[in-house]
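Written out below as structure tokens is the structure these notes cover.
Note that the chains take the letters A, B and C in the order they are written out, and that residue 1 is the start of every chain.
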Amino acid sequence: MSVTDDLRRIARELLESGRVTRVIGYEEGRRGQVRPLVARTVEEAGRLLFDERCARNLALYLLDFKPQGEEEPPAVAVVLKPCDARALNVLVLENQVRREKVYVLGVACPGIPGKPACASCTERIPPTFDLLLGKPEPPPAPAGPDDLSRLLALSPEERRRFWAEQFRRCIRCYACRQVCPMCYCEVCIAEKLDPPWESIAIAPSENEFYHVLRAYHLIGRCIECGECERVCPMGIPVFLYQRYLAEEVRQTFGFRAGMDAETPAPFMTFRKEELEDLP
Amino acid sequence: MNNPFWPYVGTLTEVRDLAVGIKLLRVRLEDEAGRRAFADYRPGQFAFLSAFGVGEVPFGLAGTPARSPELEFAVARVGTVTSALHGLEEGAPVGVRGPMGNSFPMEDFRGRNLVIIGGGIGFAPLRPVIHYVLDHRADYGHLTILAAARAPNLLVFREEYDEWAAAPDTEFHVTVDVGDETWTGNVGLVTELQAQVSPSPENAVAITCGPPIMIKFVTQLLQKQGFAPEQIYTTLEMKMKCGLGKCGRCNVGERYVCVDGPVFSQAQILQFIDAF
Amino acid sequence: MIAQPMPQRRLSKEELLAWVERLLRERSVIAPVRSGERTFLQEISAPSEVDLEVGRPVNSLKEFLFPATETLFRLRRGKRAVRMELPEVGRLQVLFLVRPCDAAALTSMDALFLGEPADFYWGERRKNTALVGLACLAVPTPECFCTTVGGSPIGTANMDVILYAQDGGYVAEALTERGEALLSLAGGAAMEQPFVPQAPELPPFPCPPIEDWQRVFDDDYWQRLGERCLGCKICTYNCPTCYCFDIRDRGTGGRVERLRAWDACTSKHYSIEASGHDPRPTRGARLRNRFCHKYFYFPWRYGGTLLCTGCGRCVAQCPVNIDLTEVLEEVAVRARKGEEARQG
């Protein structure tokens, strides 16, 4: 039985039994693409699939099921690859999602061709799941020098020029932010006009402000799924700076976001003892 | 240069409190083109007021050219631009674009009785209707005015209530949701007052403005009281940016509130395909 | 139109690039430029930068007539007075190698921007802009659907010159007086036999009339579509006919400028009012508004002109496969079902 067959069978059971009201997964789209599906019925569950085209991070859609006021949030199931499941852990750690309300259909991930994050990924199994689909395989051999090492080989001045050139192309469509499960602010600081943090201009200076600020707001939170870069219509290597910062966090704090939902994140945690460490 | 985004420059001649969080701003237009543009604006129209350096926001014109050559705006402080406007001193320069939008069909209302029901700052665009009627008293029938607010300190234009109450063939009622130590008038929702007053739909037109929920319930009750949708008018609000039907923001379905409105009859609103 | 049109002219590739060189002397030239895997329409400084092979650039020609950000006016502000000044608007420019779908977009954009009261900024740029189009003798991309919305792959609407790629070179034809003046700067030889282009066939999709959009307005299709929509602005910003904009001042102290910048009705707080009330609170409602604007509200207001030219960018670029051609099919099918249910 393929992963898709198992997935459909289990999704049907979950919906039929009422264990969940929705199953968030992927379905066949148009023109050879797959696309997210929030299945509600047994019939819709029959459209779910999983294959190597399933790049989108579906943890994002869990934010649509946040509790409203006093109401109990609904129970939903969601198909998560290892990187996606790290996002769930961060959302749980940050009190955005209640873990017991999510039934995780974890997928042992073969890697998604063309997804920049996969080249450097070593996770084969989601760090959290209720059911594991597919068979885990050994991680791929580490790749040779890649974009990040090439970037770090540049001088700071050269790097500044590189990014200035990239951000000039940005049109602030905010796809990078919208696809990210970690960006869930009700009003993004880049669009908050009250008070006005930055002007409405779509221009190099404002673009840089947005990207740099988003990078900072994701330090210690980015789970490196790389979807931000995949959705950029202008081809800006957005994931490059996220990966760089995640690497810095790893080297400085020995911390990787989302490996579990308990370990306090370095930039979200304040310990009084740390004051003594300051020079 | 014909540039509809170019504001006329005006001077703030008065900034005074109308109610809690609401100020009246009076603007004297400084250039000839502006004065010409605003020579005969009509009840229901609006204009964009600029706090230079922050932005511009649309406000209903709260007065009439006949009663004052200076433009009057009732401004509630709810965001950055309105806060900036509230912070301006008399003598400060402001920008004005307009007049924009359609207006209440005062000619069609001639010879009919008018029922005006306004809540909170929603009363501001109804004030020019009252002024217009009082200044053309013989052209209109009986005038009934219901003013309402959540509390006495949120009622606007209180200083004119006596003039309105004393006007010929006019009745004036006011109510607040919750009174205070000095309040001796009606206490209760505007719909309760409306039920009490029980305006007759006979040869009448009702005009209402206020928070969306108020408009909804007042309109429902008016229809129960026998007013046909063609006899009920209101002025709608949507977020606006250009006021010219070009920026695409203020549409309710295929209608732009800035050029097809803001004045609509209930009959037109019932045709609206989208929510507002 | 021209009384006695110039004959068509044959240009070799070299002659075409030499023509670009001459155009560059007195004008800005905007043309497709390759950058990695993508091609963008952008200003060039040399003919060698032009990508002659591109099917469809990522961005549309829109930003060269209606920039992503522009200054409406600047002002110097004192305590008691202001002085406003208009920035320079509109320089001579040629949009080179634009496809018929992009050129066609100017029909609806002109209707909007030049309608009373006319937009000064669009007007200035428009009159200083020439279009040299490249016809699609083969279907450029799998997402194209211009014929569905009344366009044609060999359409010449709004162009000053049209080019047909032929035999390793081009056939050029002037369509307006301005086009003639431009083409007179090119070399090449007059054609003896006129070249008659053949339009390639495109996959057909339904183009539901306004009544269909009205009929399906309350269908839950929109909410289901909204479930996967990211709420980004990709479709809106790269669309040649989307025009929603925001206006806000920038600057502090004595120097201020009023900016106009693109905005998108797909974004979360697009219509939220100061009171906090949001008339379109769900992604589904916002998506519905965007599609209805293009196929229902705009044609209703502007004599049937659709606000879509079938360029296919939104189809190609949507990260979650929201496909406008599928939406058109769904609207047509659901409107039919609704009609049958009513009659049955």
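Going forward, contacts are C-beta pairs under 8 Å (C-beta built on N, C-alpha and C of every residue); 3 or more make two chains touch, one makes a residue touch a chain.
These numbers come from a predicted model, not from an experiment.
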Quick check for the class: compute each chain's Cα centroid; which one is farthest from the centroid of chain B? A
Using the stated contact rule, I'd like to know whether A-C or A-B comes out ahead in C-beta pair count. A-C
Cα centre of chain B to Cα centre of chain C, whole Å, reads 39
For the pair chain A and chain C, the C-alpha centroid-to-centroid distance in angstrom is 32
For the pair chain A and chain B, the C-alpha centroid-to-centroid distance in angstrom is 48
Of all residues in chain B, the ones touching two or more other chains: 79
For chain C, which residues are shared contacts with two or more other chains? 246, 248, 263
Of all residues in chain A, which are in touch with two or more distinct other chains? 193, 196
Help me check something: in the complex, which residues belonging to chain C touch chain B? 72-73, 75, 77-82, 84, 86, 112-113, 115, 117-121, 214, 217, 243-249, 251-253, 256, 258, 260, 263, 265, 270-275, 277, 279-280, 285, 289, 292-293, 296-297, 300-301
Chain B partner, complex, touching residues on chain A are 193-196
Spell out the part of chain A that touches chain C in their complex, as residue ranges. 29-31, 33-38, 56, 60-61, 64, 169, 171-175, 177-179, 187, 191, 193, 196, 199-203, 230-231, 233-235
Chain C-facing residues of chain B, complex: 1-7, 9, 11, 50, 52-56, 76, 78-79, 82, 91-93, 95, 211-212, 237-239, 241-242, 244-249, 251-254, 273-276
Name, in rising order, each residue of chain C that touches chain A in their complex. 35-38, 40, 58-59, 68-69, 142-143, 224, 227-228, 230-234, 236-238, 246, 248, 250, 259, 261-264, 267, 269, 315, 317, 319-323, 325-326
